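What follows is a single structure, and I will ask about it in a moment.
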Amino acid sequence: MSLPQHIVVEMQELPNLRNPSLVCGFPGSGYVGKLAIDHMIEELKAIPFANMFSSSFPPQVLIQPDGTTDLMKNVIYYSRGQTNDLILLSGDSQPVTPDSEFEMAEEIVKICDKLGVKIIYTLAAYITGAFSKTPKVFGTSTMPQIVKDFQKYDVSTMNSGSITGMNGLIIGVGKRKGITGICLLGETSGYVVDAKASKAVLETLVKMLDLKLDLTGISKKAKDTEQLIKTIEDQMGQRGGESLPMAQHDRKLGYIS
Amino acid sequence: MSLPQHIVVEMQELPNLRNPSLVCGFPGSGYVGKLAIDHMIEELKAIPFANMFSSSFPPQVLIQPDGTTDLMKNVIYYSRGQTNDLILLSGDSQPVTPDSEFEMAEEIVKICDKLGVKIIYTLAAYITGAFSKTPKVFGTSTMPQIVKDFQKYDVSTMNSGSITGMNGLIIGVGKRKGITGICLLGETSGYVVDAKASKAVLETLVKMLDLKLDLTGISKKAKDTEQLIKTIEDQMGQRGGESLPMAQHDRKLGYIS
Amino acid sequence: MSLPQHIVVEMQELPNLRNPSLVCGFPGSGYVGKLAIDHMIEELKAIPFANMFSSSFPPQVLIQPDGTTDLMKNVIYYSRGQTNDLILLSGDSQPVTPDSEFEMAEEIVKICDKLGVKIIYTLAAYITGAFSKTPKVFGTSTMPQIVKDFQKYDVSTMNSGSITGMNGLIIGVGKRKGITGICLLGETSGYVVDAKASKAVLETLVKMLDLKLDLTGISKKAKDTEQLIKTIEDQMGQRGGESLPMAQHDRKLGYIS
Amino acid sequence: MSLPQHIVVEMQELPNLRNPSLVCGFPGSGYVGKLAIDHMIEELKAIPFANMFSSSFPPQVLIQPDGTTDLMKNVIYYSRGQTNDLILLSGDSQPVTPDSEFEMAEEIVKICDKLGVKIIYTLAAYITGAFSKTPKVFGTSTMPQIVKDFQKYDVSTMNSGSITGMNGLIIGVGKRKGITGICLLGETSGYVVDAKASKAVLETLVKMLDLKLDLTGISKKAKDTEQLIKTIEDQMGQRGGESLPMAQHDRKLGYIS
């Protein structure tokens, strides 16, 4: 699918990476993927090597903490491991039209191709509309064998529904180019920014990647999320017991983002 | 109308077909066309030979029953007949913008041209807002002679209104390229997935195509639809007789999809 | 402004016309322009010579009175006069996006250029939200001299506001290519299909074009409109005098279409 | 980012300017930037040298005070100063889609590049939802040093949020091409056309540009705004004291346009 060029990739140099996997985090429901990727980038002291700009990002500039401003962008980092390197992509936004979401996915897959990426992970949210004590991690993949292996990592599988936006498209487009895709989805209510779900996703991811990653930072944020949920539940309780229902895992759950 | 390329057709090989007709089924009101085409594909053990991907499908991947995931697509099948072969197109979705609906219609007509298709059938819904005991089948065509012949097949004609989406565009674009188009529309309330309407459309189609097709499967589903409608009507009746009106065939009916 | 090609013009032959003007009528508020142009085409027995198809028309096919169906289109006709010939454009629809409205306007202006058109007339509605006994005709032009001459024809001028859609864009784009544009707007409530407004516009147009045109047909339809308005006013009156206000011509009126 | 060409720039000649800065004013909340730029153009008797037309402006023509009509456009003027010249851009509208906002920003930056522009100022609104006696001016820049210098000019800085539309994109796109961008935002309620905010922005701008500019005209309009606000507040007061709150500058304010 060749589209008119709306994306500019500014790359200082193409890093020479050993057997790299890509992990993507975009803003979405509960900021599950975004919090997770930003934690990884910080902990791994990952090195930025490319910016992606797109005319289909929301038409605005973001004001930075230092008072300056810049266009919305994806920043791509790398982090060297013992035997395998990692590429980490953190997005300011998802594109605003379907066409440009596909285009962005294709551009990312093109970069993967140049860097020799064999597996792409996207980190997403699995929305239940209910607060969960111990959020589960759901997963899907473009490869049947990986779906079978999910149980080793305590990842729940799904048999219907869809994954919308960049988290779905990147692995869908990657499949067409021969790159394996895995999407891990942290269970979340959808009501709050949910670092608990991010932490659950990261715990699974480090096992799958056989990665050393200090989770102290995200664990602290997860505590904050827990506290926030407790406050909400208390308030709901005071209004005469109309507390939000806890997730029932045997129920069929629908919305994925 | 040449547009920027948003569609990718993955074709294993161009099958050599004898005097083929194309039958298209897309998701739409009541899933009338989609249920009908999927029944045909199953019963005829049709052989897939092409996938169509488009950046204007909804930006998501669909999770399959086996837990894996793939981009939305149209799959095109063929089925050999005694003297004439059939091409069957089943879509996961309709494109999300007008421009891309036209583009997809043109791409399908281009494939028809390569395969020597002379007639295209699209299967659609004729929405009445009322439940019908014996759903009628409506029809229109790009050829006046075919409209005249509709009465042989007990197909009702229309003299105004429009057919929106792929079911209309494919035959409209086909006409401009010299391919005859026929749209068959099954009468449906628009309230439920309606296998009864699908069955009615298939009964007409097999007569027009002089095709042998076992309708047992769709007949079972039609029974389920009937049961569902009965349940709805009973519930409406209990609420004090505000049952949904039955369709009145002499009334002018408007919405077509 | 060169855009990706979404428009196809099917032209049998380029007619050789003497000093032609173009008159355009599109569906819009009150169908003022559309009724007017279709009356002209019928009365002048104008000869169709071109179809314009666009992927930005609404994605549907229209069912014709004979039961057949075709894509939405603009049809362009010509009519020979004593010394000057006329080109008449009747549209099934306006395009659905701003970009494609501009594109369509450019394509029409390109055809004008080939045919030697010096003046383009567009026929539009001037919406007041009130019923008028004797609808006025408003006008604007891309040429100051023509605005000055409007009073000769009893055409009211405007000094603010905007003309949206094809009626505005065609004369705006034409201006950039050196073609004079005139938009005539028939005063209408905006509540009903208004043949009275169409008739008023046509009465002005025939004077400006020095054209012989039998107005019997449109006058009959104007009577129907009058009857319909009377019925509405009677019904409003019976509800306790909340009749819709008559237009006050000295008031500042805003919405134009 | 190269996009299909939807913009036409009509330029009589490329003026030879000494060290020019560009100041842009577009219609937006409170018309803050638009009133300011039009005041500058009038007072400086700036000379128009280019028109920008775009197929992504709203699809309409604007009726001028003299009764004629023209497409929506940006007009670009220049004004010679003692040592530095100014370029002034006044827009009839902002484009209607994200993609075309980026495209327009790129086209403007391209013109800046040709004319040797080093700094771009955009004039915008800082919406508080409350009336302010003495509106503040907020600022952001693509250069950290300029943000530090803001306090010299009594310009408040921001550390989060976004600037949407052309005012943000022009400086964001300019940054990528090595042009420094500054956005000045006049505090406004967002409820009325606010010449007070425009005046505040202009007072800051003339200091930063070291420009002589008679502010009598905009000061008169600012008085009108003050009167209008007083009227609104009086009416609110009469309804039992639900007067709109005055802005509290220590509060975190969000919406910027």
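The chains carry the letters A, B, C and D, assigned in the order they are written, with residues numbered from 1 in each.
FYI, contacts are C-beta pairs under 8 Å (C-beta built on N, C-alpha and C of every residue); 3 or more make two chains touch, one makes a residue touch a chain.
In this text the structure is predicted, and so the values were computed from the model without any measurement.
Student: So which chains count as neighbours of both chain A and chain D?
Tutor: none
Student: Chain D and chain C are one sequence twice: same or different residues at the contact, by the over-half rule?
Tutor: Different: fewer than half of the residue numbers at the chain C-chain D interface appear in both copies.
Student: Could you pull out the chain whose C-alpha mean position is farthest off from that of chain A?
Tutor: C
Student: Based only on mean CA positions, could you tell me how far chain B sits from chain D in angstrom?
Tutor: 53
Student: If you average the CA atoms of chain B and of chain C, how far apart do the two points sit, in angstrom?
Tutor: 37
Student: Going through chain B residue by residue, note those that touch at least 2 other chains and give them in order.
Tutor: Chain B, residues with two or more chain partners: 4.
Student: Among line, ring, star, complete and other, which best matches the way these chains touch?
Tutor: ring
Student: Who touches whom among the chains?
Tutor: A-B, A-D, B-C, C-D
Student: So in the complex, which bits of chain A are touching chain D?
Tutor: 4-8, 10, 53-71, 96-97, 100
Student: Quick check: in the complex, which residue numbers of chain A touch chain B?
Tutor: Going through chain A, the ones touching chain B are 1-4, 98-99, 101-103, 140-144, 147, 150, 157-165, 168-169, 171-173, 175-176, 181, 183.
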